[in-house]
Structure formats: structure tokens, C-alpha cells
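The chains carry the letters A, B, C and D, assigned in the order they are written, with residues numbered from 1 in each.
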Amino acid sequence: MNAETKLSGPEILDYFKDVVEDAYVTFNFAKQWKEEYKMKLLGYYPVYFPEEIAYAMGVLPIKLFGGVGRIEPSEATSRFQSFTCSIPKTILQLVMSGSLDSFDALAFTNICDVARNLAFVIHRNYGNKFRVIYLHYPINNVLPSASKYMKEEYERLINELSQITGNKYDPEVLRKYIILGNRKRQILRELLEIKVNKPWNMPFDELFTVFLASMVMPVDKFVELGSKYLEYVKGRPEEKPVERIRTVILGDFCEQPPLQLFKIIEMSGAYILISDYIKNAIWIGDIDANEKDPIDAMVKAYVNNPTPLTTRYHPAINKHEFIKKYVKDMNANAVIFLTPKFCEPSLYDHMIYRLALDSIKMPYVRIDYEEGMTSFEQPRTMAETFFESLLFEL
Amino acid sequence: MGMDYVMGVDAGSTYTKGVLMNEDREIVALDVTLTGANINNAAETIRRKLLEKSGIKETDVKLVVGTGYGRYIIRFGNIQVTEISCHARGAHYLFPNTRTVLDIGGQDMKVIKVNERGDVVDFVMNDKCAAGTGRFVETIIKSFGLNFKDANDLALKSRRGIALSSTCTVFAQTEAMEHLAIGDAIEDIMYGVFKSVITRAVGLITRVGLTPELTFTGGLSLNPIAVKILETMLKTKVNHSDMTMFAGAIGAALYGVEKLETEKYIG
Amino acid sequence: MITAGIDLGWKHTRVVLLEDGNKILVKKYIPTTFKLEEDAERLYNDALNDVGIKATDVDYIVATGAGRYRLKFRNANVTELTAGALGAKFLFPNTRTVIDIGTTQTRVMKIDDKGKVIKFMTNDRCAAGAGAFLERVALYTQVNLPDLGNIALQSKSPVTISTVCSVLAETEIINLLTLNTPLEDILMGAVNSIVGRVMPLIRVVGIQPEITLIGGTVLNPALIKSLSNNLKASINATMDTFYAGAIGAALLGYKRLMKVKGG
Amino acid sequence: MLPDFPKELDKGKAIQAQYIRRHFSEELQKAPELKAKGYKYAYLFVMGNPIELLRPFDVFIGVYPEITSLNISYKGEAIPVLDAAEGLVGFPTDVCGYVKMGVASTYMANKIKVTVPVIGHMPEPDLMVLHYTGCQVYIHWWELYQYMFNTPVLVYDIPHLRHLEDTAKPHKEDIEYVAEQLKDSVPFLEKISGVPFDESKFKETVKITAETWDYWRQTIEMEKLVPAPYDAYFEAIYYMSMITIYRGTKDALDYYKYLLDELKARYKFINEHPEYAERFRLIFEGVPPYHNYKSFWNLFKRWGARMVYATYPKVPGMELFRFDPSRPWESEAEYMILPYCNINYKDRAEILAKYVDEYKADGVVVHSIKSCKSFSSNHGDFKEYLSKELDVPVLLIESDHVDPRYYSEAQIKNRIDAYFEALSLRAKR
């Protein structure tokens, strides 16, 4: 059925690039897959959404990227004030301009107050067009009641989705997709390892592109192409390392930084090892496919996840201990906080992590960005100064 | 008995505009001056100029109506009305079929929905973070060592406009300079400057809803490129003339005439 | 050995020729127009003529400032922060804190005894355009920018302008004008508001003497006074620190040469 | 300009002011002595806190950084505290002003011991009660204290009122979930306080709150009267402080008993003195600019406008809610789910539209603030909904609640005047 199976490594990357570019405004691939797979389309707002449940209910989940410089939210600004970040405006603009008309449902979770309010603004204005689903993830995750509650929330989700597709829930189908999802995350983790171990062998924007593709493609298709691409990357001749600073990026957990920004940071003297945006794609980790009730497995994977998430409070997690270990494991020499303009959660994480970074003398700098930024001279100057101060000896 | 006159003074942040109107709602004189550091002096100058131009006796001017940011300062002013109400009236006077008014001033940008009598039905103004539009265009043109005419000529030559922040004028200005630094053409940057302003305006217009005819008032309406971009973006004809920058002052004068009439009617 | 530092800033283009990394042969500036490269090239040639040096005698050219990438004949480029820090250190060897209030961006740098930037802060985007703000204030109040500082110094009771946004600060100033507030009080208020926006940045990097002010605002006595009042410390600011960026760039060029020469 | 009421009809504000003073100077400033006596300072949020569950232990003193922040700002002392927050603590500017000032106050008072305004004197926390109600920033805010002061955190996860099939009705599962957490938290509270829990005391407290609530509700609904006896925004904000700080005490109960009588007397008075009656009846949505509170209020007074309903005083809890002492745990849970900002926006819009009729309002004023996305981020849609779909005149203005640096009086005055000019024309038609 698909011509993609015969693609070579570089061709797969080009295909991923096309898929990603299409997932901002045009969504032609999504429409095509909607036909091909006979599935309904669901767009979900960052950060985490239980894709496996959507698939199990016959719904193809697509992560919404926002506009990222490709659309001007001129109408959406009538709903959201100037002091809100970009992604809710550009996503609302996509809704208003009809770009998302092929979608059947839009899902939101309790990541921040703006996203929360956006969900219900869309419901009030376009409730007849889309089913708006709002999930509240628990934060009291040391109590048994939290897991009980979250299971009810997932069952509510299943119920909502079955009303869209008419499909009945079958735990074995969910189990199948949990296995596929684990495979997808496995591929992504291996790619990430290559980048972390020998960063000169892969520019960060290449890694980022593959991760983005994994968020907006049918999981089986990605697993097929992704594993081939992984083999290709493993077989690629080695590049020569140059003197650059191994850098971890924090803060870009929801609003997507323009690719150009990553390029500029690497050009300024960095090897970017990881950023929150891609970290979150594999955050949920391996979900136990052998659990008796696969929904319990989904719940456990979220509730017991020991890795902090900017938007999730967890009573048992110590963020200071985490960040120290994180940069150590990455063997990083610098941290850049990439914070979206007007994004509060990102700024709060920065406030907490910088204390820990100070304690281990890890150099860091905070750089603001916006989806729609058209020039990068100020971030460039900041990044260059930062790396000049680490590289130059005078 | 002789003709009664009213004066409308629009003390804006950049320019002070004045109109002298007779009781039959005919404009007998109008003039404009830089507001500068002392609004009162500017208003005073305008008043003198209008009287000289028209040769009308001060005593025949029965009422002075102030509008604009400086409206409460004009010492010789009798009543004050906000520029929103005045621009509505003024635009309606200049183009009677006006139902939507776009005013881009130095500080604020407004879109006003008016009824067949020129009353304000609804209005929206720029977000707090999108203030200073008119000034932004002026300062950026100056900082490049150009004037409005050059800017228009350059922008009209542009093939591909450059996208600039359409909210914060300070960001937009920095971006414009940065585009210069990375070697973009000045034509395209100037186009981008006007484009970002008009994009902001179109956003506001969609909030009120565009009921034709649309009349474009305020200093920026004198820029052909601004009008051109506005018309292409809205796909509709836009009313504008060399009089539209006086809309606020004309509206103020009209309020004065109404006041006179009601007083006459009562007394 | 002669090295050149060329600072292509928004407001000013500056050139410095340095001999053996210790002697300033010439320093010049012109206001920048939208023709960044031409401005820089012309100024550079004028500087060469002034001291009768041939372009071929210059061993290394380092560009800095926002337009650094536009200078085709550069050997290297460096950011205005790194260069400014080096320049400040060159002029005032005990400098530990460097303040640069630029047209679009304000920077505060903490430096070590070698002039290397250890920590730096730039203004939040919402507080951008401090330098440009002062220019526009001069514009409405119809005073020449160079005089602004001296007029402001005459103020007895400066107004308070609290807003961080330079656009809204303008609105406030326009209103003060409409209320016929004394000019000097408005101007001093405007200067204080800029200093107020710099103070948090300075606190974050940590105040450490000596403090050196570089860039365009060294020409503004009111700003220097307000700054030293707020910091309760004296500020190094001379006509030379106006050139700190270009000096630092030239100095960096010299150091680079010495390194390759294994000196 | 609406005239001020005679003193004897305006005691309500003065009385609550005394209680506020008591809170700051007796309860917070005397922290060292009180801590020595075994008292524990529990940091709480205004919105939907379970104070009824803490009172029975007799050792917890509630600390409300939100109230500290707004009072600092109200008294004109915001700038130095904000400077400290951004300079000494290192907050970026885009962080909520409440968080900045709250954290900076505690930090200054306990870590670097610099002089702070009287009201800024925040005791070091013994317990952070993280009741995650209607504001995502809450979790980040308390987390900062957790890492800056190593304070134990007691978490209550409160689901957003997200069900779209019915308006502002908490679902059974959510109520059970929260009630269960309340019960689960008792051992922890016993450990921190060293006092055994007495359920009968808890029931008693809920009973007092229930009564208090009933009086508070009656004062709110009084505003349906024409002319309106008080300003349901600018005055109610003073009145509400008792429900926020002293809820569950006899003092609060007596206060609202008194207040109701005062306002009844006012109503009688206005009917005899028509010059006190409002010219415009408005509904206010949003948080006030505390730094310019009175001058901002005057911008409305001078047009003879009085607010007859406002959403902000409903942040501690909606009047549509009733405490039920017979089922204290569930009732407390329901209360924690139902504050205004925890109700989904679609329901908020419907509620507001309903009140425009019930309170015979001429229009709606929306004050959108940079700091509070929970309250403000959807305000544009409020305007769209009310003015386009329901033809209600809406004024939308922006600034910040505690940060005067985001307030531009000239800009706001201009908009307000234009709004009333249009309202006057509308009235003529």
C-alpha cells in the first residue's frame, strides 16, 4: 500500500520533513491517513496525551504544534490577550480559519490555565464542529485514590471516544497499541542515545525533526520508517568532533521553538543533547503491556512516573535531585533555559532548577523565544556571549 | 442676528488639529500643528490660526469642544468628549455612509462601529501591549534617516514584505533593525513596518465586524501604502482623504453645534 | 602590530585602531544609518587616513555589535557583550561589573580579573528599548539628546514613571506634558525609570565594584548620577568607555594573533 | 459623582479593616512568640481552602500570601517589593505578581532580614496546603516555597469543573475523590500539629461557616434591588475579606449578620435620598488594580456607575453553593471544587449572562490582568459573547492586580469615558 517502505535513509528524513511541515497548517497527510486507516482524527494540545487509548478506540491522535511562524493569529487575538503565549492563539487561529476542519475532536489537559480556558473557548464557539475533551490529570499521586480517580478519567475518555467512532472498547486492542507505542519510544530513545553519545554525528534539528514526525504520524507507519532510519543513522560514517559545549535545553515543554533557534544555538558553539520538547515525547516510558488491565498499566505509567514534568506536581519527586542527576547523566557542561514569552510554568521550573544548578556550579543562561519570532539576533547574541564566556581563554 | 460658530480642538499626542464650524455645520477653517512639549500652547496656536484664517470674531465662537489626550488641559475649552465619539461623528460627516471607523493615532488604535446618525454603537481599542502604533512608524522611519514620503516610495517597491511582530511595537522595531543587520532590503523592511501596523488594525476590525463603508482616519491614513495594504487585506474599498486626519476635530465641532442647538431649543 | 575593532551598533558605528594591544591610535564614531556596511567601511577608512596607516598594515580586524556579520572584511567577530567587557577591563582594570544600556537592549555583565564574562543578564523583552526610549522622550520634549542629561540634573522633584514598557512610559510622559509638569522633572523621571529597569538586572548578577558604564549613555550625566545613587557606588564612565566595544574587539584581535603566533 | 454614604451607614468597611489589622499585627507579626507557644503557620490560598478542617486542631494560623501581596500593593508599597522579587530572588518579569510579592515577602522577612512593610511580614511556613483549585500557578507557587524553605506540602488535588453536559455542577466521582483526600490528610495534620483530630469540632466549624455563608449570600442577592444599596465590586471586595481570612469563626458570622442590617438600612436611606442612587448598573468581571484602587473606582463613580454584581468576590466561593453540616466531608469537598475560577469558562460565560438579567445590568466591565491567566486569558471571548451574541455593552480594559508598572491610567480613563459616552447614547435611544 505504501511507497514509503522502499525509501532510503536520506529519503526517509525528507519524508519526515514533509510530514512535519504539513502538520502545522495544511494537514494533508492527516486527511489522507484518516481515509487510509478509516479512523477519526483527534488533535491534542501538548504536553502528554494517552495516544494508545485513542488508537484503541479507532481515533488517530495528532499532536498540535501551533503555528510556529506559519500563520498570523490576527483573529485569535480577539479572544486571547496580548499577555498570553503564542501557541493557544495560533491553535485557535487554525480552528477559526478552518485548517482543523478535518479533525473530529480536540483534547486538552490541565497543563496551564491558558490551555484550560482555550479548551472551553473552543467548545463555546465551535462545540458543534469538534468534540472538545478536557482531561484533569491527578497531582496527588502518592495516594491510591489518585490512581482510582485517573482510571475513571480514562474510562470517561474511552466513553467520549466511543461516542465519536461507535467502537466498543477492547482491552486486547489497547494492549496491541501499548506494545507499538513502547516500540516507537524505544526507537526514539536509541536515536537520542546516539545524539547524546556522539553529538557531532547528528545535528539537533535532524533529531528534532524525527521526534516531531513521531508525534504526527500513525504509530505503525512511524515504527516502520523510524526503525529503518535508526539503522541508517547507525551505519552513517562518523563526523569529526569540534570544540563545542555539551548543552541541555530546558523549558520548551509545550510551545515549539522555531527550528532556526536550535540551529543558531548550535552554531553559537553548542552541541544540543536534548530539550524538553523531545524529552516529553518519550516521557511516559515503557508501559507494562503484561498488566492484567491495560488501563491500569496506562494509569501506573503516568502516576508513578519518577521523572518530573513541568506541568505536573508530584509529592514524591525532588526536582533538585532530579536535575543534578539529569545533567550529570547527559554529561552536559551547560544548560540553556529556553522559555516561551509569557509562559509561566516554564519560568517557575527555571526558578527551581537554577538553585540546584548554582549548587553544582553548572553554567546556565535563560533565553526567551516566541513561536512567531521573525529574527533571531538577540538570542544569537546571548547564546554567542554565553559560549564565548565558556570557550575563550583570554 | 449673526452666525454662531464652534471650534473643535483635537489635542493628540503628536499633532493638535483644529476645526472652525458654523451653526449650519459648514467647515469655515481647519489647521494642524505639532503638539510638542506644551499642549496648551499648541491649542492656543491653533485657535489663533483658525480665527486669522477665517477672520471671524472671537466673540462669535460660542463654544470650544476639546478632544484627544490633551482634552482636559485646553484652558479655553468648554466641554470635553473622547476622541472615540468624535472620530465616529467626524468620519460620518466626511463620508455619510460610514458604518465602521478605523483610527490609527500616535498612542492608540481604535475601531468604531457607528449607526446612521454617527453615534458610537460599539468600539474596540488595541490591546494594552499593542499601544503606540502611530509613533512606532514615525520613530522607525526617523531612525533609518528617512521621511514618510521616502518610506512610502520604498515600501511600494517591495516584492516580499518582511513579517514583523504585530503586537508589541518595541519588538517590531527591534526586529526591523535586526532584519537590516542580517541584510534584508530596506524596501521589504519598510513594507513590513506598514504591514505589521495594518495587520494589527485588521485584527481589531474583525473584532467589531466590518460593516461597510469603512473610513480610515488619523495621521496614518495619509500613507498611500497603508491604505493599499488595508484594502488588499480587507478586499474592500476604504474611505480616506486629506481631511480624514481632522475627523476628531470635526467630530468635536459637531458635538458643539448639537450643544448649541439643544440650548437654543431649551432657551 | 596593529589590530582594528569595529563596532556596528544600531545608534553608532565605532572604530578603534590598537597598537600592540596597549596603545589606542585612533577612535572615531558616526551615527548609524540603514547602510550598516557602508557606514562602517567609510569610518574605518577615515580612521586609517587620520593616522596615516595603510589598510594592509592592519594585522587583524574584529567586528562586534549587532551588525558584526555584515562586515565583509572582518577576520573574526565577537558579541558586543564579550567585547564590551574586555574594553571596560582595558580602560578600568579593576572593573568587575559592566553596564551597557543600548538602544534596544540593556546588558549587565559580571567579569573576572581577565575581563572574561562570568555571568550576564539582559533585559526582559517587555522592558526593551531603554536607549530608544530616551531618544523619543527627547523628541517630544523637543530637547537635543545631548542636553537631556544636563536639563534633567536641574530637577528638584523628579516624577515617578513606574511602567516597564517604554511605549506606555511614553504615554505617561505625554500626559505629564499635558499637565504642564516642569520639563526637568519629567526628564529626570524618564532617566530614573530606565535606571529602575536596570537595577534588578544588576542585583541578579550581583553588584561588585568597580562598576563601569559603557556605550551611548556615558554621555548622559543624569543617568550616571541616578545609577551611582541607586548603587551607592561611583561609576566609571568616560568618553573612552563610549568606545569599550570597539576597544575590546581590537584587543581580542591582538590576543588572537598572539595565540596563533604562539606568543 | 456618586456621593459617599454617611458614616453610620458605612461601618462595614471600618470593622473589617480592624480584623485585617488583627490578622497582620497580632497573628503574623507576633510569629516568633506564637511559634514558641506551639502555633503552626499554614500557608493557604484564598480560593477554596479547607480551613474548616484546620481550625479544629486549634494550632494552625492561616497565612494568605495573596492577601499580603494585594495589601502591600493597595498601600502603595509594591515597587520595592517587586524590585526585591526580581533583583534579590531573581524572578523573571512575566511571573504572576502575587507569586513574586508573596515569595519575596517571606524571603525578605526570614532569609535576608531586610525591613519590610508591616503587612509584608510573613512568618516562615510550617506547612504549605496545596489545594489545587482553579489556578495552575498555585502548584508552582507552593513548589517554590517547598524548595526555598524546605516546607512540607499537603496536597489536595481538585479536579477542574470540566463536565460540559450541565452547568456548574460537581460530579459525584470528583466529590468523592476530594472528600477521600480530605480524610486521608487527617493523620498528616495530626502529625504536624501534634493534636488529635476531633471530628465533632470539624462538624461544628462547618456549621458556623454554613450560617455565615447564608448571610453572605443574602448580601450578594440584595443587589438585585433597584437602586442598589452598595457597590458589589469596589465595596464587596472589602466585605469579602472576612470570608477569606476568618471563615469558620464566630467573628465572621457576627460580621455578616451586622453587614446585612447595615445594607438594609442603606437601601431605605437611598430611597429617601435619590441623589445616592446609581445612574448605571454594571457587572464587573476580573481582578481589581489594587495599586490604584480608589482612583480606579472614581473613574466609574464620576459617571454615576455602581457595580451590582461582580465575579471576583465569588473567588472564595460561589453564592450558588450551600454548606451542608450534615455531610461535612462531601460538603467541604464540594466547596473546594466550586470557586469561580475552578468553573469551566463556558459555564462562567453562561452564569454571567444570566446575572446580566437577574441584576438588571446596563453593561459589563471586564478588567483583564497580566498576572492571572486563570481569570483573564479568555476575557476576549467574554466580550465577543456578551456584545455580539447578547448585545450587552462590554468594556474591556487591561492592567495588573498588584503590579503598578502595568497600569496606564490615561489609557484606561480614555476607554472608560468612551464607554460611558456610548452607554449614555444607548440610554437616549
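By our rule, contacts are C-beta pairs under 8 Å (C-beta built on N, C-alpha and C of every residue); 3 or more make two chains touch, one makes a residue touch a chain.
Since this is a predicted model, take the numbers as computed values, not measurements.
**Student:** Provide the labels of all chains in contact with subunit B and in contact with subunit C.
**Tutor:** Under the touch definition, subunit B and subunit C have A, D as mutual neighbours.
**Student:** Can you tell me the least number of steps between subunit A and subunit D, where a step is a move to a chain it touches?
**Tutor:** Counted as steps through touching chains, the separation is 1.
**Student:** Could you work out which chain's C-alpha centre is the most distant one from the centre of subunit B?
**Tutor:** A
**Student:** Can you check how far apart subunit A and subunit C are, centre to centre, with Cα atoms defining each centre and the answer in Å?
**Tutor:** So the centre of subunit A lies 40 Å away from the centre of subunit C.
**Student:** Express in whole angstrom the distance between the two chain centres, defined as the mean CA positions of subunit C and subunit D.
**Tutor:** Roughly 46 Å, centre to centre.
**Student:** Touching two or more other chains, which residues of subunit A qualify?
**Tutor:** 77-78, 81-83, 341, 377-378
**Student:** For subunit B, jot down the residues that touch at least 2 other chains.
**Tutor:** Each of 69, 107, 127-129, 131, 168, 174, 178, 181-182, 207 in subunit B touches at least two other chains.
**Student:** Could you say which residues in subunit D touch two or more other chains, in rising order?
**Tutor:** 90, 92, 94, 380, 384, 398, 406, 408, 410-411
**Student:** Can the chain contact pattern be summarised as a line, a ring, a star, a complete graph, or none of these (other)?
**Tutor:** Topology of the interface graph: complete, with all chain pairs in contact.
**Student:** Could you pull out which subunit C residues touch subunit A in their complex?
**Tutor:** Those in contact with subunit A are residues 66, 78-82, 86, 104-105, 114-118, 120, 122, 124-125, 252, 255.
**Student:** Can you check the complex and tell me which residues of subunit B touch subunit D?
**Tutor:** 69, 81-85, 107-108, 119-125, 127-129, 131, 207, 209
**Student:** Going by the contact rule set out above, which residues of subunit A touch subunit C in the complex?
**Tutor:** Touching subunit C from subunit A are residues 341, 365, 368, 377-378, 381-382, 384-386, 388-389, 392-394.
**Student:** Taking the touch rule as given, give the residues of subunit A at its contact with subunit B in the complex, in rising order.
**Tutor:** Subunit A reaches subunit B through residues 69, 72, 74-75, 77-78, 81-83, 370, 372-378.
**Student:** In their complex, what parts of subunit B are in touch with subunit C?
**Tutor:** Checking each residue of subunit B against subunit C gives 11, 13, 35-40, 69-70, 72-73, 107, 128-129, 131-132, 135-136, 139, 142-146, 168-171, 173-174, 177-178, 180-183, 186.
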